[in-house]
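To start, I am sharing the structure in question, which I have written as structure tokens.
For clarity, chains are labelled A, B, C, D and E in written order, and residue numbers in each chain start from 1.
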Amino acid sequence: MSQLIWNGLFVGSFYALIALGYSMVYGIIKLLNFAHGDIYMLGAFFSFVVLGGMSGLLGIGSIPVLLLVMLIAMLFTGFMGVFIERVAYRPLRGSPRLSVLITAVGVSFTLEYAVRQIFGPNPEVFPIRLSGTPITILGARITLPQVVLMIVAALLMFGLQRYIMHTREGRAMRAIALDQTASLLMGVNVNKVISRTFFIGSALAGAAGVMAAAYYGSIDFLMGFVIGLKAFTAAVIGGIGNIYGAMLGGLVLGLLESFGTHLFGGEWRDVFAFGFLILFLTFRPTGILGERVTERV
Amino acid sequence: MTTDSTRLHAPAPFIDRAPQPSGILAPNTFMKTLGAVCFVTALVLPFISATPYLISILTSAFIYIVLAMGLNVVVGYAGLLDLGYIAFMAVGAYTSGILTTRFGFSMLETIPFVVVACIIAGVIIGGPTLRLRTDYLAIVTLGFGEIVRITANNLTVTGGPTGIHGIPTWSFFGWSFADGVTIGGLYFNSKILFYYFVLVVGVGGAVVAAARLGKGKMGRAWKSIRDDEDVSEAMGINGYRTKLMAYVIGAIWGGFAGTLMGAHLTAISPNSFLFLYSALVLMAVVLGGMASTPGVIIGALFVSLAPEFLREFSEWRFLLFGLLLVVTMVFRPKGIWPENAVLPFLKKRQVPAHEPVGATGPVAEPEEAS
Amino acid sequence: MTLLQVEDLAISFGGIKAVDGLSFSVSQGEIVSVIGPNGAGKTSAFNCISGFYRPNQGKIHFDGESIIRRKPSYITRAGMARTFQNVRLFKDMDVLENVKTGMHSRLRQNVLDIMLHTPRYHRSEAACTQDARGWLDFVGFRADDELLVTQLPYGEQRRVEIARALATQPKLLLLDEPGAGLNHSEKNELMELIRKVRDAGIGIVLIEHDMGLVMQVSERIVVLNHGREIADGTPEEIKNDPVVIAAYLGEEETV
Amino acid sequence: DGGGSDEGPIKLGMLAPFSGSEAAFGDYMKNGAQLAIDEINDDGGVDGRDLELVVEDDACDATASVAAAQKLVTAGVLASVGGYCSGATLPTIPVFSDADIPMVIPAANSNAIVGQGAFMINGTGAQQAEAGIKFATKLGVTKVAAVNDQTDYSKDLADTFIADAEEAGGFEVVLDGAVNPDDKDFSANVKAIIDAEPEFVYWTGYYQAGGLLVRQLREAGYEGTVLVGDGTVDAQFAEIAGDGFTDDVFGTFTKTPDMLEGADDWIAAYKDVSGGEAPGPYSIQSYDAVRVVAEGMKDAGSTDGKAVNEAIAAIDGLELSSGPLKFTEDRTLSGGGFVIVEVGPEGDFVLHDDLQD
Amino acid sequence: MRLTLDSVDLFYHRVHALRELSLVVEDGEIVSLLGNNGAGKTSTLSLISGLVKARSGEVTWGEHDLTRMRPWDMVGAGLIHVPEGRRIFSTMSVHENLLLGGYLVDDAQLVRDRTEHAYELMPRLAERRNQQGGTLSGGEQQMLAVGRALVSGPKLLLLDEPSMGLAPLVVKQVMEVIEAINAEGTTVLLVEQNARAALKIAHRAYVLESGRVTMEGPASELAQDPKVIEAYLGV
């Protein structure tokens, strides 16, 4: 039982980490960024390349090297996010939302198959592997990397929440989400704020990509697809656009999957998870923490 | 409802209006003519070139048009984001697949079952969830799509992951496409007959019917919900019922496309109903132009044919497809042929510049409501 | 005869009592204005009556039938139409289609008619277009009716909204600040319009801050403050009611 | 319209995945087939005509594969030597058979394909399951878990294994598990496996997930034997699982030249064709498929589909990597040729037990 | 600083919304813009604040060339536009809406003071401090829109129908607020349908018809003009 919970929470925190970026981007331009999972994939591949180039450095211990590489990868994916927004999404501002969504699918294809052309379709094995000796707490096997990854996810979440809810820039982000023209009239440089949001969201995804690569050890050009869908699901369950919600949604999804496999077997896992979700949303149509928007007439 | 109070009745219009343009360059006539020309071209095409490859990809493309027209009702007209639309295709394909291969039905006989199954599926998913708004609806439909696929993957009636194979082609009252037919010395094989069948019944029927649905009372109701659900209620439109209607009609179109696809491929498996395909159909609708019939047709042709035409580029083709998609959307944000597109060379109505006169007209004589 | 009868209506949001025990009635062919300070609860009362809000308490009878807890679409079909304080037209539709949408529940065409283009379909569409044009002419709309509504200036949008409400063929019409954003002469036209509708035997409830318009057009005025009725009477009575003057009109602003 | 001509090179068509999640396998198959064609052409071709390979991407998707098959028919191929994913291969069978084009399928091996007229030179699920059962019985284990990845091939193999194990006795199947192949974290599945306390796990999916699963199993403390199906027998498996995680891991596989004498020459020749890439799963089977077709055409003395089909069915003793070829009534391999392999010191799979006793 | 529009032409696709429009607002003035629906009042304000671009003509404000300046730089320089239809941030609280007005003000204390000032001017907003902006009544939203603009500390304030939807008493208050901030040195360009109220506080006024200026002059004079009386004031 406690193992089940722990497994669920751990997998869930990965979902959450990606869902955070998802939710941020959604929060500001109401875009379901289907390419977000691919940014995660880019983070993994980029760090793979950097590590290949710095193999000499590996001597100084894998954790510091990994942190360094992660920072570089975050910068890279951050700028990739900004770049993608600039060329693919910005021209579509003010167009129907679904147009942007489809563009995101196009971006997703492009990123996936560009990486496939460069690295080939086979998975690559990541040069650094995090594996700690497990300790048993309350009957659950827990490793140090797991704990570290979860703490990182939690810290990022609190940081982001503060940033969005309590700073001027965060307020501007939320304002843009509601009314871009009115934000302009308040003196908000809409482009800049949106770029910054993409930077943060994509950097987070990149970080998650590096962590996943180091933890699981193999990366491939389609690795972002499924996790992107999961993150989207998590963001929605949590109440899309809400940072705590994204986190909570990720954890809930992780738990659902863990228990689903346990109760019904791996083949019915997703049926269980989605079935539960559908049921849940029919009773709480705006997700766990999503605010009920009362639109006045 | 009591009827003893007066209802307001419409006054007759009293302002002269500029006449609608006429002739071949009038927008309506032009579009109808264009549609007819395209249709006839497709009809005679096999007489010009009938390579199995061309026939096969065109048949798939036509089936995609049926699918996209169905999704267009849901997404384009009613504005409901459906990320699991392919599930309805699965329901149709499996229903007729199972009935033909296991119970010896002919394709034609499965149609009523397909329709019923799709209505049930549409109501099951739509019933409890249609009060959700956009992205919550999106996730629920996505989940529904996955549930259908995984269930098909795990059950034995559906053939598990292998799916169903050996699905027969269409037959009518004892005569089957598989027999082929010779007309005026020309032999038409089963694939070509199926091509015509899909073209005439599938594309012809589905496109015309769905396009008409977009114009009448239902179409206005859907679009009003898409624009502003609250106000739509204030027009006397029951939002829930209207949305469910869109869903069910979309489901029927999807199921019909599934039946056609089953007969075309002769084999179906859960792998043909991955989320990716829901995304592709959605892409067809959005890329072409939501709620625009010519747009959706173009979009469906694009999505189904582009990967084929890009085959020459072999491994690069999905990269190119992705780039092409982005570029198209960036330059045509509302789709290739948007809903309210006006072709520049068509005649426009000559509307005289008006001075706001502002005098209000006479109201009709009040009548007692009957 | 009485069309609308509201008794002891109340609704609150969180701690705020937006409407607090409101009662009033409207008869056929009568124009009743509802006035009161900003935030007095006028729009909220409209929202309760037209089914958009669920009141916490009270009775609403429309044309002899209790409509409490009914959906807005039902209430509209029963013969009540309304406009919105912030103009809310269907932005992706042209003017004519906007008005036609109002006729939704009166059109006799089913899905098969539409798909097969039966004679019944053609007949009802033609009648629908005819009527929609009639309404547009009636409200004084003079621009091109095939424009998208977003291309219209504010005042024309207001007209379209009224035409759309009329197209539901109401017995009772609720107008929420129809005069906002209109200049003096346009308000005069509006006044004429309201009277004409009234003359056709329709009941009208009007929320409005322009006292000139209210005083000239209303038969009766209900004054709200803090969700409660503070006065109910003829324009003459209201104009001189010290409570109303203090709460709403201000000293010299009586027109 | 379709139909090959009697002039010019003989076109052989190959459908394989080059995009989508199975994209990795396309190149392995293409290069294997190309190698065989180069060799045959260097030897003077078939009846003086050169062979030519026409490759199309089926993306492992039914719609795409039918279109691609029609494209091959239109291009005038005289035989098909492709087919990786059963799901995508199945709907192409009527396409080719309507055009009288013989099919020799190098990889796809779901039982659904059996008996539809196509030749399968990969062992079938039933044959592979039999090898797995033999091996488990030989080890004397009592509790076995079968784990599949929910794809047709994998589930088919696992189901056959479980059903046949019931009759063959010897051990009890304590778990019929399934993972989602696109995941990276299998902790929930791992827990289910460990809870069932098996001594032997048969994994029937592919190497990408297989490598991760085996590693996570070991990390979670599973100490029993692991047997993997042919989808996981790939040098990358050991890399993904990581050093030290592949002890006591075996695989069921058809014999390949790299396990036999003279493997190095073949691999070197392959690398010439592929531009340096090492052969992967189904390189050798694709190589063999071309040779089978060429043999059939030579025997038939024509490229007519019906004649070639009959000639291939009659082939007896052509030396393939899996052993001398002889088709059954159903056009499957008479000797499945499955052996047990293990992870060698280099990380690639080497022969462990040919199950001949 | 003086605001000048020199012969601007504005098109929405084929609609010619402003035709060779020229007008001037001197530093410290209240200038009112009157006109029928569709005359182009909103378009004029949108043009000044950079929401739409003119096809030809010049818009300058002091040394700033407004046709080339970006909206946020204008706000930074003190040009604030209170748009038609209020455009409140609907799910943000009243207080946050006000704070957004001070987005470009770096001095947090100053923002706090101005917010308090807005609350003083419009006590109803103080009562509703934590309510979502979108759930306010129409008039309350209008106050919030004006309040939000004040927090930014405007030098040139463009107001599009600020009295729309306000109760008579509040209209008076708002007009007083406008006069007060004008007295503190803010230039105001006021679009109003309530011509009576607008002409009362304006120094000068322009009348727009079909995108053209057809009348201009001191407000008091225009208020006497029979044509203006008939069309905009009533008898």
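Here is the rule we use: a residue touches a chain if its C-beta (ideal position, glycine included) is under 8 Å from a C-beta of that chain, and two chains touch if they have at least 3 such contacts.
Since the model is a prediction, treat every value here as computed from it, not as a measurement.
No other two chains have as many C-beta pairs in contact as B-C.
Taking the mean Cα position of each chain as its centre, E sits at the greatest distance from chain B. Ranking every chain by how far its Cα centroid lies from the centroid of chain C, the top place goes to D. Annotation: 47 Å between the Cα-based centres of chain B and chain E.
In whole angstrom, the spacing between the mean C-alpha positions of chain C and chain D is 73. Work out the mean CA point of chain A and of chain E, and you get 43 Å between them.
Note on chain placement: the centre of chain A and the centre of chain B lie 34 Å apart, centres being C-alpha means. Those residues of chain A in touch with two or more other chains are numbered 113, 116, 267, 270, 295-297.
Each of residues 36-38, 135 in chain E touches at least two other chains. The set of chain D residues touching two or more other chains comprises 18-19, 150. Of all residues in chain B, only 75, 81, 128-129, 131-133, 135-136, 138-140, 142-144, 146-147, 150-151, 153-154, 230-231, 234, 275, 279, 282-283, 286-287, 290, 315-316, 318-319, 321-326, 329-330, 333-335 touch chain A in the complex they form. On the chain E side of its complex with chain C, the touching residues are 12, 15, 34-39, 42, 84-86, 124, 131, 135-140, 142-143, 161, 164-172, 193, 195, 230-234. Those residues of chain A that touch chain E in the shared complex are 168, 171-172, 174-175, 178-179, 181-189, 291, 293-296.
Within the complex formed with chain D, the residues of chain B that make contact are 50-57, 60, 153-154, 159-163, 165, 261, 264-269, 271-272, 307-308, 311, 314-315, 317-318.
Only residues 18-19, 21, 23-24, 26-27, 150, 176-180, 182-185, 187-189, 191-192, 208, 211-212, 215, 219-221, 236, 239-240, 242 of chain D touch chain A when the two sit together in their complex.
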